[in-house]
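Below: one structure in structure tokens.
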Amino acid sequence: MTEVNTPEKVEFSPETLKKAQEIIARYPEGRQKSALLPVLHLAQNEWNWLSAPVMDYVAGLLSIQPIEVYEVATFYTMFQIEPVGKYVLEVCRTGPCCLRGAENIIDYLENKLGTKVGGTTTDGLFTLKTVECLAACGFAPVLQVRLKKEDGNYIYYENLTPEKIDNLIATEWV
Amino acid sequence: MENTAPQLFKVTIDNIEVEVAPGTTILQAARQIGSHVAPPAMCYYTSLKGTGGKCRACLVKVTAGSAKDPRPMPKLVPSCITTVQDGMIVENTVNEQVLETRKGVVEFLLINHPLDCPICDQAGECHLQDFAFEHGRGTQRYEEERRTFEREDIGPYIQLHMNRCILCYRCVFTAEQLTNKRVHGVLNRGDHAEISTYISKAIDNDFSGNMIDVCPVGALTDKTFRFKQRVWFTKPVTAHRDCEHEKCSGKVTLWYKGEDVLRVTGRKNEWGEVTEFICNTCRFDKKKTSDWVIEGPAKVSHHSVISANHYEKKAIPEFGFKQAAQQYKQIDDLPVQLPEGEKKPVGIVVRPDSK
Amino acid sequence: MGIKILTEHIGKEDLKPIDAYMKYGGYTAVKKALTSMSPDAIVEEVKKSGLRGRGGAGFPTGMKWSFLAKPEGKPRYLVCNADESEPGTFKDRYLMMHSPHTLIEGMIVSSFALGANTSYIYVRGEMMFVIRILEKAIAEAYAKGLLGKNILGSGYNLDLYVHPGGGAYICGEETALLESLEGKRGNPRNKPPFPAVSGLYACPTVVNNVESIAATSWIINNGGDEYAKIGIGKSTGTKLISACGNINNPGVYEIELGLSVEEFLYSDQYCGGIANGKKLKALVAGGSSVPILPANLITKTANGESRLMSYESLSDGGFATGTMLGSGGFIVFDEDQCIVRNTWNFTRFYHHESCGQCSPCREGTGWMEKVLHRIEHGHGHMHDIDLLVDVAKKIEGNTICPLGDAAAWPVGSAIRHFRDEFEWHIKNPSEATRKGAVYRKEAVFA
């Protein structure tokens, strides 16, 4: 899996680099490591997942050791450290969502996409994952998707039903 | 020296009073009294800044916070990082809650541990082994599958057995404080957290070998000593050499089998801690007697298996005995289904290394 | 019914644009605080208000502020905890989404009171859409001279930034949050030292929940005494409650503390009763960490008194028959829900979210999850129940941070109140593992 789309030259585009530098400036001098999480979000948005070369590049940008980036990237669940599909569907599986049918939604997605949780569809379009509580319990079931928007937006899709999912797959996640 | 006395804090640990300098931790104060009241420490390491507070092996009860504010602390506190106050009263081995909690900590540290002492190079000088022997419950309640990792060589000298790791973070602090560039760390989280370089990089700096000495278990072992000998069959000898490396103390323990030096380690004090670190050249490349100035046989703690191949429980005050007596009674009371006419068997627990 | 101080104007129009917010009296607290009050006077008002931390711990906010060390030559920081991750809780997100300026105004007033010139709002990374809303609102506030240098000519400077998390429940714990803000793994710190002495970048720091900070503007405008008149006893003011689970009207409600649980649960103004005409089985009143209560202890305490939505009344009876207000995550279970399955689910959550630093939590959460998984899937033994109780007890109180307690309480309370349901699972594995099968004991429903 790991040989997939590891970029040859890892470098932010000038616009993204500018954004990264703006982020670094939010923290006191010498505390540039603080920018690690937001800059990793930028990097993930640019390359879809965080390969070792990408993390090394971020380490260089923040003048920290690569291991400091690996430690952090593997701690937080939003960071994909293995190649993923174009759309990563992350369905909440925590109690309040399950009270309102999250488990059925997960089953439905597995059948619909033909892949188990953790897997990626053969066309590379979807990776299906489960996540813990997204703070949307009142609008359960819910899933989040990172859309390839310029600033790396994550969208919540709430009050999910099979029909809603069919519709999203047909029209929005293409 | 006497005139500094008024500045000392008076602390009572297990009914024994001791005077210590302000800023001293409960654990260090207890160590000043002696090993019979010193709490066990699996993650704390005196010579590494920032260690401690994680394993929870050293939790103690503070029954009076200080003379000024004698209220008890509501929760057990980690003695390794809690500093004493004047008039503080601490209970360690005389407190049932402390001992019960410690049993729990042993159990937690062992549930995912492979218990492969018979093939582990650390056996005989393993702090987890000592901890389990002295504070464990002796029975196992964990029925689930254990978490496992692949074995990994990190560099030419060190092997990482992540299965045995208790995540004390000592090796991470070692790399942070003794070397100029840390290349390994703790990855992932929860019970999937692991020590790793992430990209299978070798740890190849001059002081990496110290990670072996600070590791309380057999997670980081010396590849040059691997499977050579059980430590209790080797003879420790104190030696030194004039090492050219400026940060290296050159003060070591040589571990002999017959005429051969099987391994070289830093010198450990009675708490199992190295205070003066050594470089990899001294550790891995100088294995001839002629490389060293021999000082004499190393002092081995009387309760170590290395000292006389015997392994004794620490003497614990009265309360401990009561507990032990109760446990034996429970064993005795177990209903045993015996065939007609047969005698009730007598069970004795024997450690393989006991006399 | 009931006074609303945080959400009064939500729904009247889109409050995201600063002009709309100001139309309803927005930013008057900033003006009042910065031009006519001293920082100490603000701290005093907040103390008088009796406001308690809304993130879950319920510690008096004014007192927390007064602990802040003020050594010369060291900056002080205010960090807003918007890492809302406690299952069942989604109130901060609601407030920030619909009225971001309410938080920003509170941040300015609170930062001024604490003498902080740089403040951060740490928002969980998943809520990227909320981060964008906040960033836009902050830019508007800068443009109006409400942030930046010499705010409203007062000579006070404040820079305010939003910091995204990366997906970790543990970062809701204040010292883990600070570690994360420093670009590290979210490992909670040992305390002492407390953040008030050594927090962000080892400087004195206050970490407050979104709702606590947002409430300070109203307190400045109306006075601490007025705030203290709202609510009941030591539970002053209003509270945002996130209601979810098997109810007719899930959502976020601002209530005056002291409202009866019965009214909150059954009146159409709030939850609207149990959905689909079913009966009530259990309630988790303050986010997944707090003890679960069976139906007979929800609307009435063990003494038969009416249970109220307040810190004191919800905890009446201790853990034996009470629970906690916590973060206000109100999770309702109907008669068709399986307590064993839910306990396993919650425990899986804590196992997944344990940082792995200290042994009781790292190992104990996983152990409990595995045992509960076995019971739920028909492979339990009777002795597993007491084992769970014991493991939970050995975690509780013995960890670096409260995640250990949070993992232990749901297990302990579920077994305390629903032990027969666990036993039924163990005795009837084939029936219990049938899809949709639930242990039913009519007596416990309400």
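Order of writing sets the chain letters: A, B and C. Residues in each chain are counted from 1.
Definition applied: contacts are C-beta pairs under 8 Å (C-beta built on N, C-alpha and C of every residue); 3 or more make two chains touch, one makes a residue touch a chain.
The structure displayed is predicted, hence computed values, not measured ones.
If you take chain A and chain B together, the chains in touch with both are C. Comparing chain pairs A-C and B-C by the number of C-beta pairs in contact, the larger count belongs to A-C. Measuring from the averaged C-alpha position of chain B to that of chain C gives a distance of 39 Å. Each chain gets one centre point, the mean of its Cα atoms, and the points for chain A and chain C are 25 Å apart. Counting partner chains per residue, chain C shows two or more touched chains at residues 168, 185, 352-353, 355. Annotation for chain B: residues 186, 188-189 touch two or more other chains.
Among the residues of chain A, those in touch with two or more other chains are 68, 71, 75. Touching chain B in their complex are the following residues of chain A: 52, 65-68, 70-71, 74-75. Here chain A touches chain C in the complex through residues 26, 28, 31, 33-38, 40-41, 62, 64, 68, 71-72, 75-79, 93-96, 98-100, 131-140, 144, 151-156, going by the rule given at the top. For chain B in complex with chain C, the residues that touch the partner chain are 52-57, 59, 75-76, 78, 81, 100-101, 104-105, 107-109, 111-112, 141-142, 144-145, 147, 166-167, 186, 188-193.
Remark: chain C residues 168, 185, 190, 351-360, 362-367, 370-371, 374, 387, 391, 394, 397-400 touch chain B in the complex. Only residues 75, 84-90, 92-93, 118, 124-129, 132, 159, 161, 163-169, 180-186, 201, 242-246, 250-252, 288, 329, 331, 333, 337, 341-342, 345-346, 349, 352-353, 355 of chain C touch chain A when the two sit together in their complex.
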